[in-house]
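Presented sequentially are two complexes of subunit A, the first with subunit B as partner and the second with subunit C.
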Partner chain A sequence: MSETHYHHLRDLPSRHILGTGTPMCAGCGGLATLHQVYDLMGEKCVIVNGASCLTLLSVYPYTPFRGSWLYTAMACAPAGAQGVRDGLDILKKKGRISEAEDLEVVVLTGDGSAYGMGLSATSGAMDRNLDFLYLCYDNEGYGNTGQQFSPATPHAAHTATSKGPKGYPGYKKDLFGIWAAHQPSYVATVVAAEPLDLARKIERARSLTGPRLILALAPCPTGWDYEPSATVEIGKLAVQTGIWPLKEYVDGRVVHTKIPHPRLKVEEYLKAQGRFRHLFAPRENREMIAEIQAGVDRYWQQVEQEQEQPRS
Partner chain B sequence: MTRKLLTGNGAAAWGARLARIDYLPAFPITPQTEIIETLSNWIEGRELECRMVTMESEHSMLTAAGAAAVTGVRVFTATSSQGLLYATEMLYTVAGWRVPLVMVNVSRGLSSPITLEPDHNDVLAMRDCGFLQLHCATCQEVLDNLLIAYRLAEHPTVRLPVLVNLDGFYLSFTREPVLIPTQAEVDRFLPPFNPGSIRFRGGEPLSEGVAVLEGAAYSYFRYEAHLASLQGIRVYEELGQEFAGLFGRSYTALECYKSEDAEIVFVMIGSFATKAKEAVDRLREAGKKVGLVRPRLVRPFPAAALRGALAGKKGVAVIDQNLSPGKGGILHGELASALYGMAEAPPVLASFVGGLGGRDISSEEFFEIHKAVQRAVSEGVNPSPRLLYTEEELRGVRTMQSVARAADTKQGGGA
Partner chain C sequence: MYRIRLHGRGGQGMKTAGRILGSAFFLAGFEVQDAPRYGAERRGAPIFAYVRAGRTPILERGVISRPDLIIVADDHLLAMPGAGVLSGAQPQTAFLIHSHEKPSLWRERLNLQGPVFTLPGLPENELRFRGAACAGGAAALIPELNIDLLAEAVQEELAPLGPELVATNLGVARMAYASLAAHRGAVHEGGPVSAGEYTPPGWLTLACEEPLLSAPAIHAAATSELSQTGLWRTERPIIDGSRCNRCWWLCSTFCPEGAIQVDDERRPRIDYGHCKGCLVCLAQCPAHAISAVPEEEAAAQGETP
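The block that comes next holds the complex of A and B.
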């Protein structure tokens, strides 16, 4: 990443503009992400929300947002962003509002919407090159309804609907790749436990126009079954074990912004969470742990190979 | 003002154009597509300063329509049938946002079996979503009611989205002479949309569509929308008069045709009511005291006007172009609830279902309906509901079935 205002933690905004006292769970990684992003963006934006835990931030007559908010439905937040963006553009073009009255348009949803029900609307928004920022906080399940598995749930995780000894049989969907295949302006993964990396990516995203995704891993004490105080630790472990690669797609290229070195064993991450407890007790399931490790190793091998290849 | 031959779809497009719409989120579906194609051509040719965006579904189309309306632009959209149902969730949602957009629905029967031909199950499935509903019978009425719809939707005591309905094929593709007012004339009737304080602007934070946690708050907002909708009856009547003053054509919540001195009255909505009118004329020639009452407004439901128009009648035939399986005709039930307990309620309120999936309702059937109601009146018994169908039609379907069976056996269905 080239020029940035964010070199040290002290460069991050000291003004915190999202109100407190929300009904989110203690230690919510999604809320932590939103705090950071909102502080960076400021209040001159409309947040267009699709059904998720954070929908309950705005409960009549209170809101923690100093800016505007529009709740749509689970499948269509990007379409709501389309309407707001187009409406404001029309008003500007017809001279009915000034540039100062314009707003940035931000979609905010969880993974249930971003990876599944809302994919068609998301793809459509990219087809139309909509100028918007999509912030997905990915807690890897349908958290608001009690953590049933979603298309973002990692292999083997216990959820309310995958309680068997093998956990969730499927594999986490590659939403980053799905976005990148549309060739949008920007796609990045972040985690609140790495606030400098996050701030630089928001900065980068906001310097661009068009469709932009910030995909945040959102450790969820309630759904992942760990103590709320461990949210930052778990976020860091996700990065250090290589399970959550921090990367960005821009100008047709994927760049990893933090390559874990040395990479910790995946056990470190898995052991810290109740949703993977069945991999360790009553007896260790070496096979499944090895499978997860192999998947992560394969990913990073590929990254290394691509880095070694001279670019044409 | 110019006179032109226009289809119902063309008239809808003209209405939207003259309303100076700013924004058109769209998605093609038969038989509505001609509306968005026409508007798209005008936008291309710079005859209309409007932004059109083709969404990836009707669900998204309605979302974009509602969201844009919250910024304060004038929004128009159109759909039909399956598209309307696909957008159902968002119809309810944007009605709750209290945004005054206007949507045309070109009625078409619902799947399955899938069909392209019209009936009213699509639009009546949206009866409870909070949109006001205006039902048109002629192409002129489509154009005029689109203009009235914007005034109605944007009226400060209403502020709800409005659906203008026209029948697929019978109206959408039928050319009729239509008077097209000039832009200057329309501008006198329909000023630019003023969103008041409900709008997204930098420096004016606004939350739309927020959650409520308990029944009291939920009920409050739902009742508000209901009461606002009810205001729509008075507002529509006032606008109809104002429109008549400017354009010479008047619109009321009910169209009453030869019903004043009638003993037996047909009640219908939509373009098939013009067939009922013709039947009324022929029955009148034969000395029968028959009339027609056609609600233009279906939501809000003009119950008081219907009570007034039907008080003292001997018999009423409600002809429903829809079917609620397990219940029957939807309007029949609505009318019964409006008339119940009224001192001069007609003793006979008969239900007929017909015209499904584009099936015609012939003059003979109107005569037969009249005869059945007359018989019920003299016998003093309310007749049981009837599904219009002829023996010839049944024979036709039986033939299709035997063809299907024959093909099945030939393909080795028995092997």
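The block that comes next holds the complex of A and C.
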């Protein structure tokens, strides 16, 4: 990514255009992601928002957006985006709007929609090669209704529906892999705690056409149980421990944009959050922590092996 | 039937306080309903929960419009019309307010006719136990509840937090109970309510409009700025201009709200009308130029936002 405009943090937008006064929790990682992305994209886009915490941003007569926003049900935001894109294309064809008046179409959903009930609509949109950008803010649970587990919930995490000493028995779904398997134009993972990496990826996505999908880890003080002031710290720890790999898929290849070195122990990340408290108290559950660490180690070993193989 | 409404901010434990009270009533042999109000359950934002306890199966549903007891975890909420703390208060409605101020002050300020009690504010580092304090205080005012039922309910509801936190909460609840034990019976059961007594609000009949007119479309930009979310804040971040190295980007970029703008001289300015007090800026400032002051203190020093 040599052609980027974002070399230093000071290259990032200094003016923030998403309105304040939203009903999101103090320290919301999803809102942090959206405000960074919106600053980069500007108001010339249509946000198609599948039901999630962030749909509460626009409750009549209030909205923080300066441009268009449309609400859809949880499972069908990409289908809504198809309608908007088609509508804009028809208006352009009929000469009712100029090329300069065209808008970018952006799907915005949480993980419940992206990983679960909206996955089919996303898959269909990629099949149809829809020209859109998908932004999923992943807070690893159904946050808006009180943090029940979702297919994005990590193994062992406590949620409203996975309590007890073992937490969530399932494993976080590899949505990046599922999206990339469709061979869209672009897929990337980001986190608002790494704003420069995020900006470069949004820039890259916007330079392409077709389906472009961004998966943002969105630390959630309410659902993950930590002080709101730690939102950025938790996001950084997710990257430094290797739990949240920052990577992108483009031209059929996956490239890691930030390889944590040295890689911190997963405890550093887990300990900081109440949803993993049961792994440390009343006594340390070493087996479970080791299992989580082994999963992360396995991932990065694979990455290293792939890097060592000569490319054909 | 007892109808109790509990007001607080998301994260202050009022949903839990409602559950403790509900359990205590249940253990005393009552039929019980307890529920938080679903909606903007945002940390720091005004929320409420409610408890009904009756001697026969409860057929009433929904939020309590005419409470017998209103519990307030955070006295700042009393000044926020949007929090609706006083909504539906009757002349006999009792108030239990977690506040440093005296009951007489609140009675006068809010022109209340019913009994008013305050729980002395907990020290800053114990504020997370105010749910237990409110439940303990309320239990003391209700003649059918007692200290043993309260203790059992606290243990039952908080067991997942582990024995240490249960013990601390229990201690706080007992202290609050003891402080109000002299006022036992100050809260009275309300009578039955019938649907026939319901007075509908003054509805206006609107003509049926075309969808283009009647659909809830917002045409203005960033109208959310009309909401003063600065009222959510319990601590105020203050930038020390002499220590700020005008790095330009960090506090402003990381502020989840976009409530810190940078001026032409690269000086960050916090919009206190909207800053929710998450203190991400304080945690991320490389020069440690940001400190947090309790909102009360900042207001007392006359530092208007």
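By definition in this document, the second predicted complex is superposed on the first by the 312 of 312 C-alpha atoms of A that agree within 3 Å, B and C clash if a C-alpha of one lies under 4 Å from a C-alpha of the other, contacts with A are read in each partner's own complex, and residues count from 1 in each chain.
Keep in mind that, in the parts below, a contact is a pair of C-beta atoms (placed from the backbone, for glycine too) under 8 Å apart; a residue touches a chain by one contact, two chains touch by 3 or more.
Predicted model, so just to flag it, every value in this text is computed and none were measured.
In the superposition on chain A, contact of A:Ala73 is made with subunit B only, not with subunit C.
Touch criterion met: A:Pro64 reaches subunit C, while subunit B stays clear of it.
Using the contact criterion defined above for the overlaid structures, shared-chain residue A:Thr22 touches subunit C, although it does not reach subunit B. When the two complexes are overlaid on their common chain A, residue A:Arg128 makes contact with subunit B while staying clear of subunit C.
By the touch criterion stated above, A:Lys163 is placed in contact with subunit C alone, subunit B being left untouched. When the two complexes are laid over each other on chain A, subunit A has residues 43, 56, 58, 60, 63, 65-67 in contact with both subunit B and subunit C.
Of all the residues in subunit C, the ones that touch subunit A in their complex are 10-11, 40-45, 160, 162, 216, 218, 221-229, 232-233, 247-250, 252-262, 271, 273-274, 276-280, 282-284. Taken together, the subunit B residues at the contact with subunit A in this complex read 22-23, 25, 49, 51, 53, 55-57, 59-61, 63-73, 89-90, 93, 200-203, 205-213, 217.
Contacts from subunit A toward subunit B in the complex involve residues 43-44, 46, 48, 55-56, 58-60, 63, 65-73, 75-76, 78-84, 86-91, 94, 96-97, 100-103, 120-121, 123-124, 127-128. Contact residues of subunit A toward subunit C in the complex are 9-10, 12, 14-29, 31-32, 35-36, 39, 43, 56-58, 60-67, 146, 163, 192-193, 195, 221-222, 227-233, 281-282.
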